[in-house]
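Across the two complexes that follow, subunit A remains constant while its partner is subunit B and subsequently subunit C.
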Partner chain A sequence: MYAIITISIVAIIVLFFGAFGKKKMILPVIFVGLPLAFIVNLMGWNQSIHYFNEMYIDDNFTIAFNGLLLFIALLIFVFAPVYYKSVKRPLEDIYALILFSLVGGLMMTAFGNLVMLFLGIETLSLSLYLLAGSKKSDPRSNEAAMKYFLTGSFASGFLLFGIALLYGACGSFNLEDIKLYVIQNQANIPAMFSIGLLLMAVGLAFKVGAAPFHFWIPDVYEGSPTLITTYMATVGKVAAFAAFFRLINSSFGDVDFLWKTSLIVFAVATILIGNFAALYQDSVKRMMAYSGVAHAGYMLIAIIALKGNAAGVLLLYSVSYSIATITAFAVLMMVRKETGSFSIKSFNGLAKHNPTVAFAMTIAMLSLAGIPPLIGFSAKYQLFVSAIEQGQLPLVIIAIVGSMVSVYYYLRPVVAMYFTRSIESTPFEAAKLYKKQILFVALLLIILSFIPGLIINLI
Partner chain B sequence: MIIALLLILPLFASIFLFTGKTVQQSKNFALLASLAVFVISLVGGYELIVAPEKALFSNVDLESILGVNLLFKIDAISIIFVILTSLLVPIIIASTDKKEHRTPHFFALIMLMQTALIGVFAASDMILFYIFWELALIPIFFITARWGGENARKISIKFLIYTVVGSFFMLIAILYLYTLTPAPHSFSFDSFYQLKLSYSQQIPLFLAFFLAFAIKIPLFPFHSWQVETYNASPVQGSMLLAGIMLKMGLYGIVRFLLPLCSDVVANGSLIFLPLILFGVIYGAVIAISQPHLKKLIAFASLSHVGIIALGLLSNSRYGIEGGILQMFSHGVNVVGFFLCYYMIVKRTKTDKISELGGIASVAPRFATIFMIIVLANVALPLTNSFVGEFLILLGLFTYNKILAIIAGLTIILVAVYMLKMYQKIMFGEKKASTENFTDLTFSEIMLFVPIIIAIFAVGIYPSFVLQLLQSVVK
Partner chain C sequence: MVMESFSFMQSISFLLLLFPLLGFLAIGLFQKQLNKKLSGIIASAFVFLNLILTFILFWYVSTTNQSVETNLFDWIKFANISIPFAITVDRLSALMLLVVNGVGFLIHVYSIGYMKGDDGVNRFFSYMNLFIFFMLILVLSSNYLMLFIGWEGVGLCSYLLIGFWYKDHANNNAAKKAFIMNRIGDLGFLIGIFMMFHTFGTLNISEVATKVSLMPSGSTALLVITFGLFAGAIGKSAQIPLFTWLPDAMAGPTPVSALIHAATMVTAGVYLVARSSVLFVLSPVTMNFILIIGIFTALISGLIAIYQNDIKKILAYSTVSQLGFMFMALGLGSFSGAMFHLTTHAFFKALLFLAAGSVIHALNQEQDIRKMGGLRKKIPFTFALFAVGAIAISGIPPFAGFFSKEMILSVAYEHGMGMGIIATFISLLTTVYMFRLLFVAFYKPESDAVKTNHHIHESPKVMLIPMAVLALLSMVAGFVQIPALFSTNVNVFENYLSPIFLTAQQLVPASGQNLTVLTEWLTLLIPLTIIAILVYMSYVRFAKDRLPSELSGIQKVMANKFYVDEIYDFCFVKPTEKLSLFFRETVDQSIINRLINSIGNSTLYVGGRIRLLQTGNVGFYLIIMVFSIIAILFFNLIR
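Moving on to the complex of A and B:
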């Protein structure tokens, strides 16, 4: 709760500094504010406090995921000064929007009430619509914002309609009350309830980018400024998954017959479509967008395997996916800055003059592909184990087939970097700016590879 | 303690070498580290010979941190392969020539490979096994792609995808086995061995494991990556692949297929043994007409490992013992063979058999050593292969006489292509490329010494290995 307040205050301060033209103060405020929020967030550990009539629940699940969101946001801000280096204006609007959307994300993990869920999602999404179009001179960025806004608000409509129907059936927005209703009426669930749940699932599937509601992802991810894409692909996705998990886990665990089949269909479609579509991409940014779709499919499995330690598995998977994605996008930012293109060809020969960056990209790609001993493998394997314990062997087999396919496209940038000669032989200028930060996230990824057990047993 | 040293030493050496600057220092350091590992593995081997019933054991319960249980166990079967690995890696490192422009990373990757290989043979937890199994791929992929010959890039990707697909099948099998273990579920080998699997459970398990191992070994018809990869890889990479990495697949058969799917192996052998046997003959026949020496070695290796797989799956005690022994021998022999190839290519810059000839007259020391290695490959009595192949054929004979007779044909075929090759390369007229062939230097001979010792030691006195095995093969 206090983390939300902290971040909101930081965002407002950033706006003020921008208004008074004090550009130099903005980033220091953020770099103090985010760690502060992180610490404030941790203070509620093991206390499970409820705020505002159970609108907001500060349990360990919330704190773990909010900690992750704050940490990811901090990592992304690390890249902000280098990414926006050539921009002269203070950029307070962009930074403040990122922080406000982060507030939305923090609410989504903690809701105890469907109204709060909707509020969180809208706070996150509205800021993201604007951020997607923040590169005003670029038509693709405008296109991305437009597409994202139209499809996103459509999905919000679904979500809202679902919430309304659920309210009609149960007479409450509160997750606990809905759970009580479910337990009492398990035998005869009214159609209104099931339809409401399905509509909510559709709305959330859209937000996480699960097939068949993934069509916005490639275009929006590709068109948005890369820093914002990174933010969407990590904070946006993790927050939406935490919300999805909390919704299903706290209210609908007992009526899994209502949602399980459709989620399995979503997961299978997402894994297959994401992985196979990624095979045919020439732009690495678009490939990463489809890889994000595929990973959404894997994370859906954590929701399907609800019982057991699925929350820990989801957390581990979110950590592994986010850090690796940030690393990959950071390298992409650097390559783009130097070559002006996202295509796989612009990676040619990178290893020769920028070995550190190439190493980081390799680690990120191998982790995303799930090659041991990196954290991506631990996450996948824990996920598969928890799914298989719930008797989802066919689903796991499909997921593993998806992983096999993914090895191919994740290796393409690696191969281009190490084994294809580039035309130019001078080191990238941009590498000097990005090198330290990229190395930092890559090392973080390696360190995390040794402690998946700690992460999974956290909640 | 021994296990920890065996794993940590090469790993740290590898990390250290990644920061290395000069090539010669890196090579010396890697050689020193790998020799230390060899000594440690011999100590482990000695402990097991003294008390063969026991096994070296190491269990560090870090599940709450690492997410995997660090459970290692080296028994009599494992130690053979650990020793094989630690024997061959120093030879492979030492064989690297100064002129080849290797960077320190090359040696770092080899040491990383050694860590992974020892991990595979020492692991006693299925997930740990899988992690090392996959980890071993990464260094060999980079070695082949970075330092390989023509088309190495394309071929190494094909190789990587081929084997990753295979190991994903193994992952499915592992997860399936995990669900069958009684709650709380476990990934340790012991808990798998205690399972009483029904026939219908064994069939999918067998298929998944067999596919993974057959791709790795490789067995016909999954061999298409092998010849290309050997050919494209630098010779050190080929040695790692043929000498040690293939043994991972065979080791997998011994560890999992035989104890877990014993009924399927017993009943179904007649379905897949002929297929493997076809691969054996196929490899040998193609080897006869190979114009390139390296490809000849690759096809010969395909044929030899097929025979080993036949022995292991023949469902008889002799076959299994012989197979395990032969795995060790094949590793030694094929590395020796590749070394001879390397010596020739280094001097003549060609591996076309038709362009070679008359080497024996100018290089008598090389001729002798090459002869010993060729004869070991032919499985002449007193060499290591003889014992293994004899036991394999004996085991096969008790299982099915027709198969054994056809398999026996390969002994003739091996002799044909090996001796024909030797005759063409070493005798006859000197060609332009062999005009200035110099004999082996002292340091080159030193490379062959451990191989020749291993050939004769196992060939003359195989019983100390077999005694070790008898306690484990049941």
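Moving on to the complex of A and C:
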């Protein structure tokens, strides 16, 4: 709760500084505000405080995921100054929008009421629509914003419709009340209830980017400015998954026959489409977009295998996916800055003149592919184990096949960096700007690889 | 890992493993930095420390009749399998400790002189200490799995040291041959271990012995286990059919041949069978098999040894023959006899190898005995020491070989007159090839090579003193076990080991008939007379300068080692090569590769199709979303 307040205040201060032309003050405020929010977020650990008639629930799940979201946001802001280095105007609007969308994300993990869920999703989404189009001079950015807005509002409509139908069936937006209703009416669930639930699932599946509602992802991820894409692919996805998990876990665990089959179909389709479509991409940015789709498929498995320590598994997977994705996108930003292209060819021979960056990219790719001993492996392993314990063996087999396919496209940049010669041999100028930050995230990824057990047992 | 407080003896037994490991790490890791003169001293010092510890432990187990068991940590623990990393010092392993550390220390010291000036001397000593470490794991382990680790470890060191001078490709081939042949035996060993775990549910040596002593004799499970273990022993101790690696292993430096391929590692097979005595006595079929293998190996390799011209090859075949003799003793149920011969053999065979090394050292790496001759006067000390070894190994009283051979021969005669005569014949072969070697190399008039070589010199003291110690041991070590004929009181060796083999002896009591005193005198005196005649004949035949006569048919076969290598080459090596070629060209390239590639290509093709779904048209996206929602609702509500 206090994190939301802190971030909101920081965002408003940022806007003020922008308005009064104090450009130099903007980033310091953010770099103070985000860690501050991270700390106040930690208060209330193990206390499970409910605010405003259970609108907002501050339990360990919330704190862990909000901590992750704040941390990811901080990491992304680390890259903001270098990414926007050539932009002369104050960027208070973009930074404020990112912070406001973060507020939406923080709500999504903590809602105790469907209204709050919708509020959170819309706060996140509306800011993201704008951010996607924030590079106003680039038609692709505009196109991305337009597409995102059209499909996103379409999905929000279904989500809202689903909420309305659920209210019609249970007479309440409160998750506890809905759970009570489910327990009382388990035998004869009305059609209104199941339709409402399915439509909500569709809405959320869209937000996490699961097939067949993933079509916006490649276009939007590719068109948006890379920093924003990173933000969408990490904060946006993790928040949506936390919301999805909390929704299903707190109210609908007892009626899994209503949603399980659909989610399994989503997961299978997402894993297969994401991984297979990524094979043929020439643009690494687009490839990473499909990789994001594929990972959404894996993370859906954590929701399907709800029992056991699924929340911990989801947290571990979110951490591993986010940090590796940020590393990869950071390298991508650097390469793009130097070569002006996202193409896989621009990675050629990177290892020769920028070994550190090439190493970071390799670590990120291997972790995403799930190669031991990196954290991506532990995350996938724990995920599959918990799914098998819930009897989802066929699903796990498909997921493993998908993983195997993914190794191909994840290794393509690695092969290009290490085994293909580049035309130019001078070190990238941009590397000087990015090198330290990239090394920092890569090291973080390696350090995290040692402590998967700590993360998974956090909640 | 819970650190328990160890008693004094337990700490000592733990240190036994620590010292050589430290030596290996210290010399191995700082190969480049370490002074070449220092590494030998460091390595020898660690083994010397081990030797002191060994004396303490030996004194303890021989006076208290207790064994020292140390559980260092739990090594493997899952489900109902629990295998601790534990070591046991009992009377049998204490004896092996004496042999390994005692002979090992002497050979380490000798190597300081022998390896002087070699570029890889640091590497050499690190391997030597590593070998001691693994050999100690082998003899100390209290379960079969750890024993297997040591077993493999010494195999590895053997491989590394045979191929020590890796620049010569022949050495590498010899190393590979040793490794591969050992692997064949090790497979049997592993199967035996698995079967053992399957049958008894434990790999602890003493627990297995307790459980097996309740089983009936001759069960199939025991047959499989004992055959498996013995297969391992065949590989490691170079018995028929896996004996051809040992003569090739002489490619390594001579101290290695003395330590690994004569005194310690190759006797591990004998130790394994003796250690598992309870298992083996309850499987009479295996015991007979061991007996037959032992006899044939001793016989064939003894015959081959007579016609070899390489000084080290003769000794190698002699080792194979003596090992066969030990297995014969095991097959006859005389575990203490085998262990006794193992011990004395370690002394005089190490001595012989070191003396041979001294000869080779003096003659600038010359190993062909036809190019020697007259060395008696050129290097008198080496000659004297070599002669002691030759007398000892030939079983001439009062040297050690006489007593250990006599112990085995008396068991053989008790088993039956035929068996006794075979055993005597085998032991007489030793006299022939040893004295041929002695006379050709040391007595025969100097060959041209020796005459023109003015650099022939006696070896330095650092080499001679260890040899002298071994010579002394070869002379007196036998007196701990005097044949019953002379005195019934001196049975120190047998009494020392009797607690170890007590269970085996009780389960299957020796069935042989006692011999009359006259027969015993005859079986003792007739062979000795023949030995005397043989020595004289060899002197006449080899010590004079006579042209080598043409080899007759059967002699040619023996000189060519019964063509075993060629037969193996034709039966196993060539077909394996053809088969691997077939698998590489046809199965791998044409079938598997094509299959894998087509899977990859079809995956890519599917990817290419799926990509086309992404049209970039928002209307299309929305339509698909709507259709999907309709489909989902449809399938969920119709049910």
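Note that the second predicted complex is superposed on the first by the 459 of 459 C-alpha atoms of A that agree within 3 Å, B and C clash if a C-alpha of one lies under 4 Å from a C-alpha of the other, contacts with A are read in each partner's own complex, and residues count from 1 in each chain.
In this text, a contact is a pair of C-beta atoms (placed from the backbone, for glycine too) under 8 Å apart; a residue touches a chain by one contact, two chains touch by 3 or more.
Keep in mind the model is a prediction, meaning the values are calculated, not measured.
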Checklist entry - Touch check for A:Ser262: first (subunit B), second (subunit C), both, or neither? => result second
Checklist entry - Of the two partner chains, subunit B (first) and subunit C (second), which one does A:Gly168 touch, if any: first, second, both, or neither? => result neither
Checklist entry - In the superposed arrangement, does A:Phe450 touch subunit B (first), subunit C (second), both or neither? => result first
Checklist entry - Just subunit B (first), just subunit C (second), both, or neither: which does A:Gln382 touch? => result first
Checklist entry - Touch check for A:Gly308: first (subunit B), second (subunit C), both, or neither? => result neither
Checklist entry - Looking at the overlay, what does A:Pro139 touch: subunit B (first), subunit C (second), both, or neither? => result neither
Checklist entry - Which partner does A:Pro372 reach: the first (subunit B), the second (subunit C), both, or neither? => result first
Next on the checklist: Considering only the contact definition stated at the top, list the common interface residues of subunit A for subunit B and subunit C.
Outcome noted: 408
Checklist outcome for this item: The residues of subunit A that touch subunit B in their complex are 366, 371-373, 377-378, 381-382, 384-385, 388-389, 393, 396-397, 400-401, 403-404, 407-408, 411, 415, 418-420, 450-454, 456-457
Checklist entry - Okay, in this complex, where on subunit A does subunit C touch? => result 146-147, 150-151, 154-155, 158, 191, 194-195, 198-199, 202, 206, 212-213, 215-216, 218-219, 258, 261-262, 265, 272-273, 276-281, 405, 408
Item to check | Complex interface listing, subunit C residues touching subunit A | outcome: 600, 603-604, 606-608, 610-611, 613-614, 616, 618, 620-622, 624-625, 628-629, 632-633, 635-637
Checklist entry - In their complex, what parts of subunit B are in touch with subunit A? => result 62-68, 127, 130-135, 137-138, 142, 145-146, 152-153, 157, 160-161, 164-165, 168, 171-172, 175-176, 178-179, 185
